[in-house]
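Below is one structure, written out as structure tokens; comments come after it.
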Amino acid sequence: MTDPDLLTRLQRLEDEHAITKLIASYGPSVDAGNADNAARLWATDGKYDVEDWQMIGRSGVHEMVSSPSHQDLVARGCCHFLGPAVVTVTGDAAVAVCESLVLLRDDAGAGYRVWRATANHFALVRVGGQWQITTRTSRVLDGQPYARMLLDAGLAGEPAPAPPGATQR
Amino acid sequence: MTDPDLLTRLQRLEDEHAITKLIASYGPSVDAGNADNAARLWATDGKYDVEDWQMIGRSGVHEMVSSPSHQDLVARGCCHFLGPAVVTVTGDAAVAVCESLVLLRDDAGAGYRVWRATANHFALVRVGGQWQITTRTSRVLDGQPYARMLLDAGLAGEPAPAPPGATQR
Amino acid sequence: MTDPDLLTRLQRLEDEHAITKLIASYGPSVDAGNADNAARLWATDGKYDVEDWQMIGRSGVHEMVSSPSHQDLVARGCCHFLGPAVVTVTGDAAVAVCESLVLLRDDAGAGYRVWRATANHFALVRVGGQWQITTRTSRVLDGQPYARMLLDAGLAGEPAPAPPGATQR
């Protein structure tokens, strides 16, 4: 018979590990231009909120990755580089935070330039035994207070605060 | 009754995971300009040794993050991007190593430039069940032999060697 | 007596963790110019296939890191920055995928430029209880379809597809 506390500890490790892996899959998915791989990281009705762009549902993410503008980035050479995530699990819900870079290949092909450096807050749920993103909220690190609030909330394991100007979500 | 070997294995995973998480929290802490979050990663009497700058204690780290020069970086847009850490745990002590980048937003706002690329060696201890940094030693990767020694020692799970010119630590 | 399922779960976490750690050791090894540390990440007869350059065996990797061209990069200041790996273990074999950057210090010393951004596919085996790389296949993210195929195969836990133009491997 197994110590129930042991099972809880093992489960917590597995959960945090699964979420870390899910988040680490985002870059390889979108840099391959693979819309299916990217979309399935989200819950069916999940959201991806980047600056003033709201993608709704897996279909919204799928559309973004399939779009000519994204596929052009891939064809030219781009790298969505996400750092190690810090994950906080509470039962069947979780919060994660990481920073990320987007690099674009120079026209001359001599290297890459860093286009964006971003704060990322993830809210996740366990659905049928699988972790999925319910909301990813991303803001560029340009001094805007909301990007900083996302980092603070992420480290505290708290939901993303409402974006400035939002009357309700 | 649980296999004691199993408990040891689980504990080792938890320890390495906790330390990885602690180190991954540094970037989001300082890029939010959150001095409290950054300072609490260190032991009360921990040290942060960057080039010829020695921060002593949590208060030293807190002061650095609160300083006008750091807060100016945050206001302008900066990203402290730490890679995945390699951790070696020995009982209640540990060593970790990773590389890191500091990116600054261009004045024109068209992107970010990489200001620093750094070798980081961490010595940690478990205090009251919590891992804390006792010494973080960081040197820019500019060919200096000491940066390379930090990487070698970190991978070997050994303490950071004394910096060149140091008579004692 | 311990639940055999529990042991399987613990072992899987340990395996994925060990492989993540192995891959995270690559950057600190080569940026220190430490050929021994880098070579031992590979199986004795492992391969490292980068664009049109094939390194064969640990000795091939050792030679690359020891070469004047690599040691010149280290002396000038370089950073091989690998992101968090996504690992799929199947018994004593595994596949991992991550993206990576190579940064070089500017001649003026004012910062670093990103020279390469790369898709990396790793095939690994467990040899005598130790995970080792059998083949690392890396291609720069410049829009070439093969780089994208490496990312897709890596996320699916599948072997790297044959490179274009290869008649056999």
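Order as written gives the chain letters A, B and C; numbering starts at 1 within each chain.
One rule holds for everything that comes next: contacts are C-beta pairs under 8 Å (C-beta built on N, C-alpha and C of every residue); 3 or more make two chains touch, one makes a residue touch a chain.
Owing to the predicted nature of the structure, the values given are computational and were not obtained by experimental measurement.
Q: Quick one: do these chains touch in a line, a ring, a star, all-to-all (complete), or other?
A: complete
Q: Same residues or different residues where chain A meets chain B? The copies count as same if more than half of the interface numbers are shared.
A: Counting shared over all numbers used gives less than one half: different.
Q: So the centre of each chain is just the mean of its C-alpha atoms; given that, what is the distance between chain A and chain B in Å?
A: So the centroids are 24 Å from each other.
Q: If a residue has to touch 2 or more other chains to count, which residues of chain A qualify?
A: Residues 1-2, 6, 10, 13, 17, 83-85, 113-114 of chain A touch two or more partner chains.
Q: Note which residues of chain A are touching chain C in the complex, please.
A: Residues in contact with chain C: 1-2, 6-7, 10, 13-14, 17, 20-21, 23-25, 27-29, 31-34, 37, 74-85, 103, 105, 109, 111-114.
Q: In the complex of these two chains, what residues of chain A are touching chain B?
A: Where chain A meets chain B, its residues are 1-3, 6, 9-10, 13, 16-17, 83-87, 97-99, 101, 113-117, 119, 140-143, 147-149, 151-152, 154-155.
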